[in-house]
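Please go over the structures that come below.
Below, subunit A partners subunit B and then partners subunit C, in two separate complexes.
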Partner chain A sequence: MTSQAAPPESPPASVPEPRKRRLPAGTLYRGREGMWSWVLHRITGTAIFFFLLVHILDTSLIRISPEAYDAVIGTYKTPIMGLGEVALVAAIGLHALNGLRIICIDMFSWGPKAQRVMFWVAIGLWIVLLIGFVPRHLMHVFGGE
Partner chain B sequence: MAGAATLEAVDNTPKAEAPIQAFTVTLIIRRFDPEKDAEPYWQDFDVELYATDRVLDALHKIKWEQDGSLTFRRSCAHGICGSDAMRINGRNRLACKTLIKDLDISKPIYVEAIKGLPLEKDLIVDMEPFFASYREIQPFLIASDKPKDGKERIQSVAQRERFDDTTKCILCAACTSSCPVFWTDGQYFGPAAIVNAHRFIFDSRDEAASVRLDILNDKEGVWRCRTTFNCTEACPRGIEVTKAIAEVKAAVLRGKPDIPKK
Partner chain C sequence: MSTENIAAPRSPYLSHRKRNRFNIEKWGWIYMRVSGVLLVVLIFGHLFYNLIFPGKVSILDWAFVAGKLANPIWIVWDLLLLWLALIHGANGMRTLINDYAHGRFRTVLLWALGATTAVLLVMGTLVLTTFDPCLGDTDNAELIKICAAQ
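Showing the complex of A and B:
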């Protein structure tokens, strides 16, 4: 190194401050299809669970008060609920298709090697399912009977 | 090389050798000194590197030329000892096996400690919980009888092949610390322990498969696996980790491993 000796009167503070960065936590782990399919599977599974919980409760209203049941179930006919149904079908469809993929991974010796292909096949089938369902359903919701 | 006496005339005139290109690469390293810092922070360093260098070389250059306090583990520097698993650009890798040319150096390279184990300093974590899980699956041959001729336990090629993949583990913890289940549940045995259990469960010479299957049938055992394949993608030895875990799951369900009879 060719660094000159610092003049004696200068304080030893010539050591540069570390170039700190203000980034919060660690980086997000960059997993691939397997990790993201699991994230989606957990989100959709939990969402379906809460929908079913509410749905079982509202359906059970019929035993308590048929009028209340009619009122609650009537709200399913609103456009907002119509869009919610799209989300529900999308979530169940993805969860079910990816669920079959997970079953293949665990049950068949070829499963783990084919997991990435199976993920994209599941996504493909899911899109086909949505193309079949969404336009028809939205026509039903917004086009009137 | 010595003894390279070739018969043909070799053109030994030195060619105008293309200068090997060096690049300035920025590394952003997550630092933590328990005696000084309340929390880890990111620090960046510029290093002159060649495409053929590895991330480990970059860390060496920083430690030797810029900041001697940078702390990391390495021993063999050749992918054998399993000391230097770390998170490089968000993925678990061995620093000594990650070539600079395989990374996008137009952007900084992020280096941080592996996740899910207690952080000690800079890139070093406490590996003890990891090794404790490893010890728990009894990673040694258990056999009641003596070898037939007093020498060796014979095994067919097919039987040896059955567990070949899981013999390659170097216990680097790249797999276990890439697992989202392990991050949130440190009690989970983790992929590495299951890989090393697989190595003995599927060994025809071993007699304690049922003991290990019992251990891994625990609620913190194989059933925690959510098949995210992060482990398989992280393993520097190319072990099909998720597949090995699936085979152990199947063996738990059947009550015994499927090992070739001959």
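Showing the complex of A and C:
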């Protein structure tokens, strides 16, 4: 009557083979979508941070003189900077959507299981966002409107 | 020989056992998530207003910003953006520095990051709270009326 009693003879005939895993169990950040979203989050975050430093400085010129501000903001209207703004919005969009994915992974019981699906949902929403922004912004930059 | 200093089995790390201790990493973790959600709204609102409608990059100038900041809602919006985004970004950069920089180099980078963040927070707050929208000329009818009344 102890729990350590030997199991009875005749082992069950049909023990299923353990499924082969491509990755060790319980990894979120090792390989594939989980890892690459982490890499992208760091790269976009760093880029946005350095833009933010510059953006606080250039906006502070409003306090000095309208001429100083207009001279600096004028450089944002050049074609090269216009393409830079596309890259900036793309980086912010990706960082924001992947950030919401991270929050879902941490907050909800279904989160870690759905992390891979959520990555592709984020990419899909990101493409929709860019379709909405890029043509319109490029028209503003290159003078179509 | 005494057994006083041996922790009971399965007890957590000594440093984690002190209850009610302020854990800065935990609050940093919470801050990134709370500010992140708020920043999604604040930044996309900022981008839409300035780059899509009614603003667009080709018309951005001092008069556009002055017209915006004549409304106190935008001052609050921009103050929230400044504090939430810069601290969110600085905390993210702190994580990267701790991951990739070591020794003296890490110390220098962390101090530079902290100093930059503090200076920009103070400067940005002063700019937004002492800004005078009547400083320059504008063709914003509402703003001209407000400034004429002063």
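Definition applied: the second predicted complex is superposed on the first by the 112 of 145 C-alpha atoms of A that agree within 3 Å, B and C clash if a C-alpha of one lies under 4 Å from a C-alpha of the other, contacts with A are read in each partner's own complex, and residues count from 1 in each chain.
Please note the rule applied: contacts are C-beta pairs under 8 Å (C-beta built on N, C-alpha and C of every residue); 3 or more make two chains touch, one makes a residue touch a chain.
Note that the coordinates shown come from a computational prediction; the quantities given were computed from them, not determined experimentally.
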Query: Touch check for A:Leu100: first (subunit B), second (subunit C), both, or neither?
result: second
- prompt: So, does A:Met35 touch the first partner subunit B, the second partner subunit C, both, or neither?
  reply: first
First, second, both or neither for A:Ile56, with subunit B first and subunit C second: second
- prompt: Between subunit B (first) and subunit C (second), which does A:Pro112 come into contact with in this model arrangement: first, second, both, or neither?
  reply: first
Statement: Partner touching more residues of subunit A, subunit B vs subunit C, is chain C
- request: Go through the superposed model and pick first if A:Thr27 touches only subunit B, second if only subunit C, both, or neither.
  value: first
- prompt: Which residues form the common part of the subunit A surface touched by subunit B and by subunit C?
  reply: 102, 106-107
Task: Using the touch definition up top, name the residues of subunit B that touch subunit A in the complex.
output: 28, 30-31, 40-45, 67, 87, 89-91, 110, 112, 115, 178, 180, 226-230, 232-233, 240, 242-243, 246, 249-250
- line: Listed in rising order, subunit A residues that touch subunit B in their complex are 18-23, 26-35, 37-38, 102, 105-107, 111-113, 115
- request: Would you mind writing out the residues of subunit A in touch with subunit C in their complex?
  value: 42, 45-46, 48-49, 52-53, 56-57, 59-60, 62-63, 65-67, 69-70, 73, 76-77, 82, 85, 89, 92, 96, 99-100, 102-103, 106-107, 133, 136-137, 140-141, 143, 145
Query: Across the complex, what residues on subunit C touch subunit A?
result: 33, 36-37, 39-40, 43-44, 47, 51-52, 56-58, 60-63, 65-66, 69, 82, 85-86, 89-90, 92-93, 96, 116, 120, 123-124, 126-127, 130-131, 135-137
